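Following this line, the structures themselves.
Consider the two complexes below, in which chain A is the common component and chain B and chain C are the respective partners.
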Partner chain A sequence: MMKTPFRVLSRIAVSGLIASAMTLSGLAAANAASTKAPKQITIGTLYAGSGSFADSSLPQYDGLKFWVNQMNAKGGVYVKAYHKKIPLKLIAYNDQSSSTTAATQYNQLITQNKVNLLVSDFGSVLTSVAVPIAQEHKMLLIDPTGTGGSFFTPNNPYIALTSLPTSGVWPTSLADYLIKNHYKRVALIYDQNDFDQSQATTLLAKLKNAKITPVYNNSVPTSTSNYSVLIHSIMATNPDAVIEFGYNTNDIPFLQSVSASGAHFKMLFTIFPGQLLSNIEQNVGVSGLAGTYTYPTPPLLVYNKVNYGLGMNAFTKEFQKSTHSAPNFLDVAGYNAGLVIQKTLENTTGLGQLQLRKALYTFSGKMFTLDGLFKLSPTGAQIGETLPVAQLIKSGNGLKVKVVYSK
Partner chain B sequence: MLVYTVISGILFGLFCSLMGIGLNLIFGVMRFVNLAHGDFLMLGAFGAYFAYTLYGISPAISVVINMIVMIVIGALIYYAFVPRLLRSRDPEMLSLIFFFGISQVIEALSVIFFTNNPRSIDWSALGTANYQLFGQSFQESWVVSALISVIAIVLVYFYLYHTKLGYATRAVMGSLDEAASSGINVHRVSAWAMGIGLALAAAAGALSPFFLGSITPNMGSDITTTSFSIIIIGSLGNPLGTVIGGLIYGLSSMFMQSYIPSWANLVPYLLLFLILLFKPSGLLGKVVRHA
Partner chain C sequence: MRKPLISGGIVFLIVLLFFAIMPSVYSNEDLFFQAMVYLALAQGVNILYGFTGYLPFGYVGFFGTGAYAASLCITLLHFPPVLGIIAGGLASVVLSILLSPLLRLSGAYFAIGSLAASQMVYYIVSNPSLQNITNGPYGINLESVYQPHTSYVTMIVILALVMGVVIYIRNSRFGLSLQAIREDPVSAGMAGVHVVRQRAIAWFLSALIAGLVGGAFAWHISVFYPTTVFDLNISIFAIVFTLFGGVTTVLGPVLGMFVLYGFYNLIGISEPQYFQLIYGILILLLVLFLPSGIVSIVKRRGHYVP
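And then the complex of A and B:
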């Protein structure tokens, strides 16, 4: 059968297309193979050198720096995509505890410094501005301690919380403890920020389910530092359990005012003694803290049996050698964020942001560090670590931690 | 509850009066807004903190030490910088920039030397007793701090109305040019005013841990804002109007904390708004202008 000119032309065209496609794919493969590994992996972060979050942000930054120095001392971090160790470079700006400044600087880290990995500053307030910026730039945000529940949504794949569960989950054990121990007259005072409000919402919902209506339930501005009148109002309701959700700058004056007022409550709960015990003890004194309750976190909870990074005792020793100061929880959180980055790079197939996210889920639920189990929910929230309830008990001239309830 | 709130408001208000009176004295004499006012108060607070924790010196004694040290520092700052500012084309604007710069320097140096960790003085440092006032129990530290505030305010009144230097100060507050032409050494009077203004801030600083909770190097800017509200309520340029402003602020804060705690932060701004709307010269504004 004779081939018509049309058939000949179409065969030539198809052959040409196939050949072109093969050439292009061959070139792409050749390109991938020949892509050079970057000279360094850049990690961008912010810290608060001054302002209300400085005393929490600086230790978190110290923990991250400690990890970077450790890695660089070993020649860098192993990156699976390039089958080699690559040195790390930490780029950090001081946001002075201002979320407005932080927003500008997060943008700068992404657009000007073009960092490979973005790590947010301490806490929900300074992380809240990073979340939409990272999402807009399709940049994975490594979030060490920003636990606001609203950050983690199904339509945002660009966030991963590395320490602590989302704040809404924190009071789970506390609520159970209150219900189990038949505390009927609960007074709740909390600060007006995402971190504390989400905890209050959870606690109130759980108490409501147990048919407990708080005898006092009020929010106060986060900047509140004078609690005398508030404590008097609380005392007037005759509560048997008083729960205060605030930052450490609230917990200190609150606990002091309780001591000064001579008030005695069967149960008194604050958050930050569990994270910054030595700092709060220095301000409030052993007597002001003895008998109170808190959520204990590492290093008050000691995890030495780990399958990744240093165990708590080894970390404490190394950290003290390096910084000449004992670590607190936020040092641990900064270091833990570093460990998560390290493991991510060891598992990633490339430095693309969604590749990094995919790598995170390869070890989610399997990695146990000094901070506990690292496990992410599908929205990037931390669900591996749990916060028990502990009581601070006077022991000699100091305090010891006794876990009284753990879910 | 109501009685407790009122008495707390008065005690807190007296402290607030002391907090703002130095700022108003400096403004009255020099027409400068000392944007570093809160930072000098913070220095006073840290002075009292270290005096107590290192040497066991009572904050009540620190009030006196702070005042002496700050009078000297204030006079030095005045002679080093203020005459130059006054010679400039726009001294008021330059003074704003100057004191803002001083504020930033003090805060930065304080962060370096004191660190960012919040500090506080043991609440029992001014006594552990509880005072019964109108059937309500108040901690001794509040009562003693309020009494010290009253003494300091009375001393300011005595200085302004019963000393030769005070007469000269009031003359300068009335009209700088007229005071100068009548032979008053304006620079000497202003240097004293600067020193006393900072001394009063530092005195309030020594008592601040008992009313404001913990102290940090960055507490200054909030205190400057609050102090500014207090003096505007009373009347800008009238140091004794500050007492009225302080009491109104203290009472409003405590009422808000007792009955609508969520809105307590709005107090200084709400009061400022109301005063500017209905009596822009401040509650004692008329008295100042026609004194």
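And then the complex of A and C:
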């Protein structure tokens, strides 16, 4: 009597699971790393094609792709261990800004694609899940922009930050600038995330040492997009310097609200105009940005005298020719990660992950690229690059950058 | 009674064997771990929505609470990870007790209420003022106890428990009473069903499952931020997988997870540019032609689905 239901059940269950197994197994790729002179060097990375990190992740990926294409056009990258050029293959998956999806995909790159080099996605959130996975698989993680301080520990040799110092170091110049220029009434608003809070902590500590107590000190959820009430609260404290630490998705509504409120502060600082100027200019307008301060990064900081890779002007020209768009900082960060990989391969004695790490330290402190000095701390954090303070000044219909303080 | 139990048992065994064997066939263990997480969460949603009719959009609140409670027990109280996971489950049950007044709401009001509650927990956990306890926005780092294989096995055990509970509910008087309440609470009450108690048990069970799964997830992923474990997409995935397969059954969430999560990974990885389009069309077709899920094809023909 139960034959039919059982048959139906077993058909559904078995066929469903077989189909699913095939679907899941369909993820397999046929890349196996060989120990001697591989036909190609595989680089695995992730990018966020959609979601909250897409604006920043896609340019970083474009920069890396640009470097791969440049290398392959020249016949590949020179690998010292094999005394020859080997072509590059970039394997990239779209994590859609989801760190849980990213975790699966980092695993996929290591266990199935067996990539030779692993490059993490943009920022701390999408890099965080890669840190233990890379360490577990003894895989060196090339980290272009994941600046979370907790990633870099003495017992983890499998990570190297290629651009930007860890976020807690960022406000060093800013704090010095505020103190030196006798700003006594400082208002600070920051988002509740690792990146922004670590900067706020550093700034507050430095201000405290200079006996400056902020007249306004408040954190807001990272999802905040309406700042009008907050800005009026800040105005009520009559500050002469307003510092806002947020992501670009916070900086834009914050600057828009400041413009809309008619507020005027002697000094107004936000982070992302220094990295994504054209994007923020499109949303806020030149008038909304003119006179404000930021941390300038390449290409706003122009480094043409480099000892490795393209200088800033040459890069801008080549990048525009290749992608038909002007580069921003994250394009530079992606390209710079490629340059670090290139130099590592030129210096490594093999493709073993600790050999790669050892090679990184052979040129740490000596390589100067369009992104600045590449220098690693013993824990793999970036300490060569510094972030000065700059003011955005109206120039014709656009903006120009004037560095006002550099340590 | 025995035969439905046997058919449920077959599904149970096939699913667990699949997850036990697949990492040795295909070494991306994390893929299967995440699949188990979503399957267990889908079964938790199944208990609450399928059997009682409460759609918990804020289900991720219990998941995140479990993840954080387990992590804090491990880091601050030096619990062994497994004990931490159990504490995570219990913390979610405590939260569900605190939030039990939400059960006075129904339909969209309950869905919105649970969503707001999950956001409330998220903002408390990530608040910088609680940095000494939760580490605020800096997230959690469990690298010192990171053991992906052991946490994988633990997740299989949790999944087994969850599947066992759902099979029990599917075939018990308790499950029938829940379904009676879902259809008409007044009639069910008049027929002798203790409406408030039965609903509350389903609510606590569902929270316990999410808490245990959250704890195991925290251990497995080991470095995460509050946004990772309170991500609303986790709720959405669990709900969609359940609805796609078909609620009030053991098999429905299993099919929903395997088909949709399989597609999610396959299309999302190989053809990301078409991912959202294909995924959207798939869900649209389901809503239009199979609103009761895939299992309704079999049910319509009068067959029993475990």
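Basically, the second predicted complex is superposed on the first by the 372 of 407 C-alpha atoms of A that agree within 3 Å, B and C clash if a C-alpha of one lies under 4 Å from a C-alpha of the other, contacts with A are read in each partner's own complex, and residues count from 1 in each chain.
Methods note: a residue touches a chain if its C-beta (ideal position, glycine included) is under 8 Å from a C-beta of that chain, and two chains touch if they have at least 3 such contacts.
Note that the structure is a prediction, hence the values are computed from the model and not measured.
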First (chain B), second (chain C), both or neither touched by A:Gly350: neither
First, second, both or neither for A:Ala260, with chain B first and chain C second: first
Touched partner set for A:Pro157, first chain B, second chain C, both or neither: neither
Partner chain in contact with A:Pro87 - chain B first, chain C second, else both or neither: neither
Partner chain in contact with A:Gly291 - chain B first, chain C second, else both or neither: neither
Contacts of A:Pro38 with chain B and chain C, given as first, second, both or neither: neither
Winner by number of chain A residues touched, once chain B and chain C are compared: C
Contacts of A:Gly398 with chain B and chain C, given as first, second, both or neither: neither
Contacts of A:Gly311 with chain B and chain C, given as first, second, both or neither: neither
First, second, both or neither for A:Gly76, with chain B first and chain C second: neither
Where chain A meets both chain C and chain B, residue numbers: 49-50, 192, 219, 221
Chain B residues within the chain A interface of the complex: 1, 4-5, 8, 12, 107-108, 111, 115-120, 122-124, 130, 137, 139, 141-142, 211-214, 216-218, 222, 253-254, 257-258, 261-262, 264-265
Residue ranges of chain A in contact with chain B within the complex: 49-52, 54-55, 58, 97, 189, 192, 218-221, 223-230, 232-233, 236, 248-249, 252-253, 256-257, 259-262, 279, 282-285
Residues of chain C defined as touching chain A within the complex: 3, 7, 10-11, 14-15, 18, 22, 25-32, 34-35, 123, 126-128, 136-139, 141, 143, 146, 148, 221-225, 227-228, 231, 233-234, 251, 254-255, 258-259, 262-263, 265-266, 268-270, 272-273, 275-276, 295, 298, 303-306
Contact footprint of chain C on chain A as seen in their complex: 2, 4-6, 8-10, 12-14, 16-17, 19-21, 23-28, 49-50, 93-94, 96, 98-101, 103-108, 111-112, 124-125, 128-129, 131-133, 135-136, 148, 150-151, 153, 156, 191-194, 196-198, 219, 221-222
